[in-house]
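The structure under discussion is supplied below as structure tokens; questions concerning it will follow.
Chain naming follows the written order as A, B, C and D, and within any one chain the residues start at number 1.
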């Protein structure tokens, strides 16, 4: 990480992360209290307003702080340290909104109006909901972070949105009833005639109950719109619900499809294999080996791994195979004394495979087309132990295999095709001679 | 299967499978009776409590038994026989939960309290729902088992979850009404004023009816929340329903998409083929052959089969093609007397194809690029019967085909390309000579 | 088509198709009248029972007829003509069910009971719903028939199932109310106290209204269960609805995803192309050519066409390209007088491509790697007309192109790579000489 | 663009586009006013009918205009200029419908009937909804236009359909109540006994409220069908809603799946890479390089770009790579003085890759298989600046690399494989000699 200028705060500093998380909690509090104050204000105690001013203070501090936090440039992917550039970027983007959402309008309104129940100032207070963009960008960040489960993040986001929608709709609907001239002709007044005298808790729960009953389209009908204003709000809310419900279902479908795709792919492959075996009446033993191999491949996720490697540039693939296989290959008796460059070329061309227990690697009388290295596991009939070679005589002398090699444990094996091996030997004559003498010494 | 130590019970023993299935039935009973006792206990007869103690006894036996059942290690895929390891694994995982869910709290509560209606002890009884993890893991296992239909398992799981949710919600909602001070201000009391005197059956059905009416969001409104407690529970239940409904729909969509994908793929291919034929005004006969071939390919699932084979390691593919084709190839007149190694090499390179009736295999004057073996079915014009070769003169003497070969029945055919065949002949000179003399003897 | 034995009726006979379609209409009538009779029987006029007997008569005729209709064997895909085999197959499959669903139970019941209102006999009448399997198998057949739109067939099927479910549920719910001892404590009696005296029409509409209100989960609550029996039926129906709604949504999602996939793929490709152009600041002209080409490819569905051809066996691909291109190639001046075998080899290796107007085919100074034939359309700069060759001098004499060739209209072009062309010329020396002399004669 | 005949209006003329957009606005107005007039006509003021006649006038003008607008032929993709062909095409397609939907039936009805409240004429007025096909075709066009966001267009379309359905259903339902003999036995009369005296606004809002309550299946039950006519309409509307809701959810799922697919693919690849690193215990440094490279690839959308290029014909790919790379390659010291044809061949074979900062391009001792050009960015250890070559000595003299090359910034690099480079050099002997002398001059 490049050195920061004095007074600047790294965005990767753990203390800054804690500060951001703390602000998120304050945002959640704001999102809850803000519609509540807006709708139930007339009867609310003054305590929340004091808390509000404290919360506003924290956000004011954050506005200051933002001028001292470098940002990552979108083109060069580098951290910009220059305080001027930081200030210009902030001032030209969210600064005005952030300030507007931090001004304590309620306290200001008290200067003009004794009770502060002015609807205009209340609307200004709603500007605090602008802070929700922090939550939104937090979720966007978490979704791309593989340390967190995608389904969990996505569900949390959807639940948050749903709860916020329910909360807001309940509060607005109460506000409409509260301001209506004839309290008995409102959705709540029709059931609780003196609702304005009831406690905050029972009114809040009733509003939430109406809200969720409508959102889930349960619609018992015990609470329903009584006048045109409420009908209009109901129309808007139900249209929004239609959209929200469809969005929830779409997301859930997406998660279900994604989460079950692996199991279904596995089933499809196993099904195809066993149908193939049944149609051609393959012997029991071959069918079992096939199914075992497919299960293992599914467990070790072999296919995806290969795709991942194919995407990487050559130098990276080279350093990975060097790291993984160089020692194993160097330790084989056949390659004692050969140049390390030869082994490097060999290693680049090798492919790793896993074999389940009791699977055949080489069959007797098979034509010799590949050379195998046993990295881990065990193989019988040819009695190979870890680090040994399989099929080297066949490949180098072009003879059919004289043994069948079969695994006894889960084994990892490196494979190189005969043509590639001979190609590399031809390019490096001296190493070829060493290999030939190694082969003769051992197999005489 | 490796030999088990004395006193140990194999997890693959059919009797153990029966025992496990029996326990699953007991779990289902527990899941049903447990919320029922919790909510309707005051009026329940004592019979279920006796049954409960018996059920608890069976689960206690299973806890003992678990110490004698080997488990499969997750890394080596081998069965662990050592009783110490089995005990350590169980004690450090589910043991405590299993014991807690088996203690007969109701019977214990009778020692302290004459009627056993204490809410605290009732909550402890709910711990028995921990046993549901057995059902959950059973479904996870069945989903990966291709002997069972995936859609059926998945639907059964979803229906079970839905029924359990309905049952629990109905019971809890009744419990809230039952404990409410003013029975007429409850959801059930508003409709049935003396509901506490009504029979268990009518109260249970009413609770279930409310529960399902709310879950499906039908919400007739004949039964609805009357006080804040019920509203709160309703809010929670409806939020859960939103999630559950979305999950059900997501799963159903997943199953529908998967189950129709084959038909849609088939339609897409046939559509593309017939559009191609229409755009280029191909003759009727060629179009019919194309569509027939595609239908056949769809029925025999040809594409998937090839993908399955490609995934397998070389030795396995070798033994499969050896098993399937060796005899057919050996029986052909052209390969009488050649070494079995030669035939093995040939067999490895061969590909199987199916042809619908009345499809052309080789056209007259076509350049000879492949050699075909008729495995089953029949071919006219060249009058080939099962086990015969097609196109051998063209391939070996490089002459254009003098006949068109056309199938009369559904036929399976092996194909080897000319270049591969000549490559193998060049590697095995002696076998090449035998083939040439075979060819001359027959075609003179 | 093979010759049928005397007295047998071909399943492909248009008259048999008409008969089958006629039976489907009768099945639809049965499916509608059967639950109606079951529920509203007490007040139904006797007219439908006469119609019923006539319908039963038609189905009895069809049972007879089935013994004379050959079937397609599932293994050999051939028509089985042998009357014995036809009879054995039918008797061992649906025969018993078909007979049971055809017996006129209502008429029989009149022999024992004057009014025929016995519930037992009514249940037997419900067996007629077995006929619905004909509708089910008809939909399965239509889904695979590309002459019909998949979405339309699928939607029709779903709507039929929904309507049938609504109809059945309404009838059963009415039956429950009708049989309940206290008519005022039923869902319909609570609203229409003397409902048994009301007309059939108003009772039927009310039952359907309740049924659809519940199925769509609208649940106004004006009609709702009043007793335990109705609650129980409501619970079952709502559980079924949950499943049915999820199934409908799943199917609709499937259709929407499939129907929009082409547009979305097109958008993705165009987006990727224009982003590529923007990022690399390609000149306007090249970008336009790219977008034109992609649009054309999307319209002519070029990608799918290639996939379709790849699936076909070699002989079929050969006859297609022979049909499409042989004449065009034979007509080119360069190939005057060469053997038809040479042209056939050439044709097999050719690939067809479409070019949008104002697209470059060959650029000046491009290295000559392909030879092009203009099948249709027009090309300027090199002034080529239909049936002409492009780039032949470059390819044969290995010189860089001296002109840029650009299309003026939508053009279809055949392409063969230089290496393949030279390979074929080498194999056919004499034809090569003719080509060379053709080239010299024209280009001197 | 080809020249138009006199008096013809180009369909691409911006003024014509404005005219079309203006008509769309009129269509939206028609779609709203038409059902409203139909249902609430008896109490409507006469103002809308004057507006109607003006709107009809505009559409009459458009019918005239259509005879002067050329169209694009579907086969040749060319603009048809011939006025006769334009007229024939229009007269044989939509002309009759367009005229019918433009006749001012209301004004005509006033000639026959003083009040114009005749239901027959009202139905004729509904013909104006035919104009909606303009909106439908506008959406079809916008969906394929990548300048607009697909999700936004699709959502707008769905919202429009939903709003129109709600509006129509509300109006029809009101019409049924309005025409019913007994006003107190209607859905609206049961709640508002003298509804015919109420204001238009309150009646319209109530109708919309009922409509949306039913569409979203909320179904409070405060407004519900009271007679058979309303029940019948309710049944039809609810069946339609079932279909519409499923369609909305299907579309939303489609959009969600598509919009999240990129993030999910990214997560899958990163997950696979980090699991691979964890399983093989790769060193921290290699893992970081892998993840960085994958992130970069995701950001620059590397995979899609390659797919886009592969689809294009050869000449187009050639001109793109010429435009992008010719100058860079020509500027390299190694290719000073070589023929431009040589560079063109080189450029065709090159592939562009992006490297994240601190990524290795060539490792020390790696076998030399590729030659790299640094287009932009910077590389250390071998101290390469923009426009320089990497690995040229290794490739040309076949020596292992003596340096590791590592990027310091985001870098774009061109790669050509050694075998292709040597192949091109062999084909162009003279250029090969120049390169060799260039190499010696610099590296001595």
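Definition applied: a contact is a pair of C-beta atoms (placed from the backbone, for glycine too) under 8 Å apart; a residue touches a chain by one contact, two chains touch by 3 or more.
Predicted model, so just to flag it, every value in this text is computed and none were measured.
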- Rounded to the nearest 5 degrees, the rotation mapping the CA atoms of subunit B onto those of subunit C is 90
- Copies subunit A, subunit B: same or different interface, half of numbers shared as the threshold? different
- Note on the structure: The chain pair with the larger count of contacting C-beta pairs, comparing A-D against A-C, is A-D
- Note on the structure: Rounded to the nearest Å, the gap between Cα centres of subunit A and subunit D is 27
- Whole-Å distance, subunit A centre to subunit C centre, using C-alpha means? 38
- Item | Sequence positions of subunit A contacting 2 or more other chains | 217-221, 245, 249, 251, 253-254, 257
- Could you tell me which shape the graph of touching chains takes: line, ring, star, complete or other? complete
- subunit A touches which residues of subunit C in the complex? 217, 219-221, 249, 253
- Task: Write out the stretch or stretches of subunit B touching subunit A in their complex.
- Result: 76-77, 143-144, 146, 150, 214, 217-221, 224-225, 228, 231-232, 234-235, 238-239, 241-243, 245-247, 249-251, 253-254, 257-258, 301, 304-305, 307-309, 311-316, 318-320, 323-324, 340-341, 344-345, 348
- Item | Interface residues, subunit A side, partner subunit B - complex | 159, 162, 201-202, 205-206, 208-209, 212-213, 215-222, 245, 248-249, 251-257, 260, 263-264, 266-276, 280, 282-283, 286, 289-290, 293-294, 297, 303, 353, 355-357, 359-363, 365-367, 369-370, 400, 409-410
